[in-house]
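Paired with subunit B in one complex and with subunit C in the other, subunit A is shared by the two complexes that follow.
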Partner chain A sequence: MQYFVQLLISGLAIGAIYGLIAMGFAVIYKSTGLVNFAQGEMTMIVAYIAWTVSTTVSGNIFVVSLAAILAAVVLGLVIERVVMRPMLGEPVFATVMVTIGLAVILRSSINFIWDAYPHGLDVGVGRGIVRVGGIGVRTGQIAVITTLLLLLAAIWAFFRYSKTGVAMRAVAADDRTALLMGISATKVHALAWAASSVIAGIGGVFFALSYDLSPAMFQLGLKAFPATILGGLDAVIGSGVGGLLIGLTENLAGGYISSGMKEVAGFAMIIVVLMIRPFGLFGERDIERV
Partner chain B sequence: MRNHLATVSLLAAALLSGSAQAADPGVTDTEILIGDVEPLTGPPALLGVAASIGHKIAIAEANNAGGINGRKIKYVLEDDGYVTARTIQGVKKVIEVDKVFAMLGISGSGQSIAVMPVLEKSGIPTVIDVAPVKLLWEPARKNVFVVGQSYEEGIIHLVNYLADKNPGKTWGLITQDDDYGITVRDGFDSVVKAKKLKVVYSGNYKKGQQDFSSDMLQLKESKADVFLAGGIIAENIAMMKELEKLNVKPVTGIFWPGRIEPVLKLMGPAGDGIYAVDYVEPFAGEAGKAFLEKAKPLVTEAEFKGINRYTMTGYAAAKVLLAAIERCGKAVTWACTISELEKTKNVETGVMAPISFGPGVRFSNQKLQIMQADAATLSFKPVQ
Partner chain C sequence: MRTGDYKQTYGELVALVDSPPVWLWSAVLVLALVVAPYVLNAYALSFLIIILITMVGALGLNILTGYTGLISLGHVGFLLTGAYGYAVLVSKYQLPPLVGFLGAGIVPALASLIVGAPSLRLKGLYLAITTLAFSFIINTVILEARWLTNGARGIAVPRPEILGLSFESDAAFTYLCLATAILTLFATLNIRRSRVGRAFVAIRDNDTAARVMGINLHAYKLLAFVTSAFITGIAGALYGIYLSFVNVEGFPFLLSIEALAILIVGGLGSALGAVLGTVLIVLLPEATRLVFSLFSAQMDAMFTTGAQELKSMLYGLVIILFLRFQPRGLVGVWHDLKRTWVNWPLRY
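On to the complex of A and B.
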C-alpha cells in the first residue's frame, strides 16, 4: 500500500506540472484557435528568469514569484504583439510554423543568455521533505498540487463569472460575432498569451524547484501537449486534469510494469481515449451546420 | 629539345607543388588553421563548449610562446547542435571551405562515428577527444587518433572496484535507451558475469526522461545495496534527489560524462560519497588546481566558468596534435603530422596520464582512476 501511495503522490506532483503547462496550451487554443508549439520553451524561459532573479536580486520567494509572474506577462505580451499579431488572418499552417520557429529561437537563447549547465532554483522553501508513515514528499510537490487545484477553481470562476472570461469564450466561439458585439479580439488574444505564459511559467518554476533547470527543460512541453489533447484542446480545466491523469498513469505504469513503460503509458492512454472521445475528455464536440 | 624538356620539367614541378598545396591546406608562412565541430547550443553544449575551451587554452598557450615554429595557430569552431547531419555538414565546411590543416573534437560519440567516412576520405590529421568509443579506433584509420578511454572499460573498472569493495552485496542498474546506455549495460553485464554479482534491479529509461520517482521507488523496493546510475547529468541528479526523498542511500557509482562539479551542488547532501570513474585528473587534486591556474589568464571569465572535465580532454588532445605539428619543423604536411602523431610517446599534458600512440595504434588507452564525491567541498577526490 505504501508503495502505491508513494507512486500516487509522485505521479500527482509531476502530473500537476504537466497540467499547468497543458492549461497554457489550452488557454491560447481556446482564445485564438492556435496550437502554440513554443509553450515548453516559454515555460523554460520563465523558470530561467526566476532563477536569475533568485541569484542576482533576492532569493525571497515572494520577490522571485512576483518577478516570475511579471516576466511571464511581458514575455506573453511581447510574443503576441511582435510575432503573433502580424500573423492574424494568415493560414493556420503558417502561424503554427511561426510558433515552431519561435520555439527554436527561445530554446537556443538559453545558451546565449545563460549556459548549458544545470542549475538549482533555491528560494529557501520547496526542497524540504515531509515524511508520513514511511512516505516521503517534498514540500514543493505538495505546493504544486495545491497550486494546480486552486488555479483550476480560479479559472473555472473566471470563465464562468468574469466579463473578460465571457469575452474570451465569445471570441473563441465566433470572433466575428464577438467583434460585432464590441469585443476586441486583439485584446483577448494578448490577454490569452499573457495568461498562458503565466500559468505555464508557474509550472516551470515548480519544476525547477523540485528538479533543476537545464536547457532540456523545454521537453516538458512535449509531455504537457498530450495532457492537453487528453483533456481537450479547448478545455482549460480539462487540460489541467489531463496533466494529472498523464502523471498518474506514467508513474503507475513505471512502478508496476517497467521503467520503459513509463513514457509509453500516457500516450497509450491518449490513443484509447481519443478513439472513444476524439475531442478529448472535456473538449467540446465540434458541430458544423451543413 | 633541351628547352622543351626544361619547360615540361618546370610545368610538372609546378603542377606537383600545386597538388601538394591542395592536399595540405591550412598552412601559410604565418599561421596554421585547426578546425573543430562541437555542440555549442542545446543541453550537450555542456561538453562541446568545455572541450572547445580546452582546445583554446592549448592553442593560446602555444601562441603565447611564439606559435608553432613561428606560425600562429588559428582555431575555426562550428556548432552542430548535437545533430549528426549538422556535424557532417560542419566538418565538410571546415575542411572544404575554411580549408583547415587538422581537426580536433568532434562532438558526441554518434556524431564522431557518422563523420568518420568524411575524415577518412579527406585524409586530414584528426585527434578526437570528446567521446571515445571503440568504433572510432577499431578498425584503425590512418589519419584519426583518439585520446581517452573506452566507455566500456570505464564501466568495467568502476563496477570491479565497487564489487571488490562491497562483496556479496546486491546490485541495481539503470541505463538510458540508446547507444550510450547499451555500452554502460554491456560493461556492467561483463563484470556481473565474471564476478557472479546478484542484480536485483535493472531499469531502462527513455532518453529525455526527467522524473525518476517510480524508477527509484522500484530500486528501493529491490533493496539493492550498490547502485550504478547510468544517467548522464540531469538524470543522475534527479535519481539521487529521489533516493534522498525515499530515505535510502545505496553505494552509488556514476560514469564520467556526468562527473562535473556543478552536479554535486545540485545533488546536495544526496551526492555525498558517490563514486565516479575517469581518466582525467579531478580539479580538487594538485594537477587539477595547476591546470586551472594555467587556464585563468588564457580564457575569458565566462569561459573560465565553463571549464569542466571535457576542457581537460580537449586540452590534452590539442597538446598532442600541436606537439606533432611542431616536430615536423617548418615543412608542415599532413603526412608528416600523421607520422609524428603515430610516434607520440609518453607526452605529458598534466591533466591525465602520459599519452602514447604507435604504429597502427590510434587509441591512447588512458589509465583510469576512481574518485569519490565530497559534498562539503563540492569536489571529486581520488580514492585509488
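On to the complex of A and C.
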C-alpha cells in the first residue's frame, strides 16, 4: 500500500511537469493551429539558462525563477519573430516541418553553448523531504503539483475573463472574423509563443530541480506529447490534467509491470486514445464543412 | 521556335520521361557509376555506397511524404526493423540472402500496418505523432526481445552471396546497392504514373475532393504507408550489411530527420528531387567540414568532436532555409534553370 502511494505521488509530480509542457503545446496549437515539435527543446533551453544564472549570478530561488521566466519570454518572442512569422500563411506541412528543423537546431546547440555532461540545478530548496503519515515527499514535488494547479486556475480565468484571453480564443475559433474585429493575429501569435515558452519553461526548471539537467532533456517534450493528445490538442486545461494522468499511468506501469513499460506506457496510451477519442478527453470535436 | 513544353495526349502526361535525351544522359550516368568503383578510392566509394543506400530510403519516404503528403517522423523505425528482419533471417536462421531481403521488406510492412491502421483514420498530423512514438517503442521492443534479437548486443551481418555471386568486396557491394537503387527508382516512378499513384497525389492535394472522386482514403493512405515502409526496410537491410553489424545504436533518431531534410531540399513529391536531395544532404556535412578546415585547424577539430551535433544543426538549418526561400527544392531550381536556358534572353 505504501509502495502504491509512493508511486502515486511521484507519478503525480512527474505528471505535473508533463502537464506544464503539454499546456505549452496546447497554447500554441490553440492560437496558431500548429503542433510545435520544438517544445521539449525550448523547455530544455530555459532550464539550462536557469542553471547558468544559478551558478554565475546568484543561487537565490527568486532571482533564478525571475531570470528563467524572462529568458523564456525572450526565447518565445525571438522564435516567433525570426522563424515562425515569415512562415505565416504557408501550408501547415511547411510550418510544422520548420518547427522540426528548429527542434534539431536547438537540441544540438546545447552541446555547443553548454556541454554534454549532466548538471544539478541547486537553489537551496526542492530536495528536502517532508514526511506525511510515514510517506516521504520531496518539497519540489509538492511545489510542482501546486504550481500546476495554480497555473491551471490562472489560465482558466485568463481565457474566461480577460480581454486578451477572449481575443486569443477568437483567433483560434476563426482567424478571419477575428481580424475583422480588429484583433491583431501576429500579436496573438507572439503572445502564444511567449506564454507557451514560459509555461513549458517552468516545467523544465522544476524537472531540473528534482532530477538533473542533461542534453537528453528534450525527451520531456516527447513524454509530454501523449499528455496533450490525451487532454486534447486544443484544450489547455485538459492538457494539464492529461499530464497528471500520463504521469500516473507511466509510474504505475513502471512500478508494477517493468521498467521498459515505463518508457513506452505514454506512447501506447496515445495509440489507444487516437483510436477511441482522437480529439482527446477535453478537446473539441473537429467538424469539417466542405 | 520552341515556346514551351506542351503535353497534347494523355500518353505524354504519364510518360516515364518527357524527352528522349533524358534516357541518353541517364545511361551515361549509370555507366559512370558502373565504372566508379574502379576509379574512386575507398573513402569516396564509401560516400557513393551511403548515397545509394540513402537514396533507396529517401525514395521510400517520398511515396508517403512526397506523393501522399503524410509526415512520418519514425522512418528510422522501419530502417531498423528492416535491418533486423534481414539479420535475424540470414545470420540467425541461415536462410538465403534473397529471402532475407524479402523479410527486410515484409517485417517493416507488417509493423506499418499495426501503426498505420489506427492512426491513418485521422486527419492531419497524427501520423507524425504515432510514427514518432513507434520509433521509440520499437527500440524498447528490440532490446527486450533478447531471444530473437540478442538485445543490446546486436547481430553481426556478413556481406551476402546471391545466386553464386559474392558481394564481399566494396566494389561488388556498390553494384548491389546501385541495382537496388535503380530498381527502386523505377518502381516509385511507375507507382507515380499508375492509378494508385494518382490517387496518392489526389489525397495530398485535397483529401475531401479525392474522397468525392471515389478514392478510399483510409485504404490508399495505408497502402502508401505500407509501400513506403517496405522500401525503407530494404534500405535498412542494405545499411545493416554495410555497417556489418545491426544494433539499436546504429540507427539514431537523426536518420528520420535526415530523410525529411532530403525530401524538402530535393523538392517534395519528385523522384528526381529525392535523388538530388540525397546527394546534397549526404555530402553536405563533409563539404562544410572541408570549407571550415580551410579557415582554421580549430574548426576542423570541432567537427571531429561534435560531428553528430553539427550534422543535426546543418540538417535543421537546411530544412528551415529551404522551406523559407525555396519551398520547391532543388527540383524547382532545376526547372527555373531549364526555363531560363530555353527562353533567354526573354523572361518567359
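In this section, the second predicted complex is superposed on the first by the 287 of 290 C-alpha atoms of A that agree within 3 Å, B and C clash if a C-alpha of one lies under 4 Å from a C-alpha of the other, contacts with A are read in each partner's own complex, and residues count from 1 in each chain.
In this text, a contact is a pair of C-beta atoms (placed from the backbone, for glycine too) under 8 Å apart; a residue touches a chain by one contact, two chains touch by 3 or more.
This one's a predicted model, so the numbers in the text were calculated from it and none came from an experiment.
In the superposed pair of complexes, A:268 makes contact with subunit C only, with no contact to subunit B. Of the two partner chains, subunit C is the only one touched by A:97; subunit B is not. Legend: residue contacts after superposition of the two complexes on their common chain; A:229 is shown touching subunit C, with no touch to subunit B. By the touch criterion defined above, A:154 reaches neither subunit B nor subunit C.
Contacts of A:260 after superposition on the shared chain: both subunit B and subunit C are touched. Contacts of A:70 after superposition on the shared chain: neither subunit B nor subunit C is touched. In the superposition on chain A, A:113 contacts neither subunit B nor subunit C. Of the two partner chains, subunit B is the only one that A:214 touches; subunit C does not reach it.
In the superposition on chain A, A:11 makes contact with subunit B only, not with subunit C.
Note: residues 107-108, 111-112, 260, 263 of subunit A belong to the subunit B contact set and to the subunit C contact set alike, using the contact criterion stated above. On the side of subunit C, the complex with subunit A involves touching residues 69, 71, 73, 115, 118-119, 121-126, 128-130, 132-134, 136-137, 140, 143-144, 208, 254, 257, 260-261, 264, 306, 308-310, 312-313, 315-320, 323-324, 327.
Interface residues of subunit A, counted against subunit C in their complex, comprise 35, 37, 83, 86-87, 90, 92-94, 96-98, 100-105, 107-109, 111-112, 222, 225-226, 229, 260, 263-264, 267-268, 270-271, 274-275, 278, 286, 288, 290.
Taken together, the subunit B residues at the contact with subunit A in this complex read 40-46, 49, 174, 177, 203-206, 208-211, 213-215, 217-218, 221, 233-234, 237-238, 241, 244-247, 260, 262-263, 265-266, 305-306.
By the touch rule above, subunit A contacts subunit B in their complex via residues 3, 6-7, 10-11, 13-14, 107-108, 111-112, 115-120, 129, 131, 136-138, 207, 211-212, 214-217, 219-220, 250-255, 258-260, 262-263.
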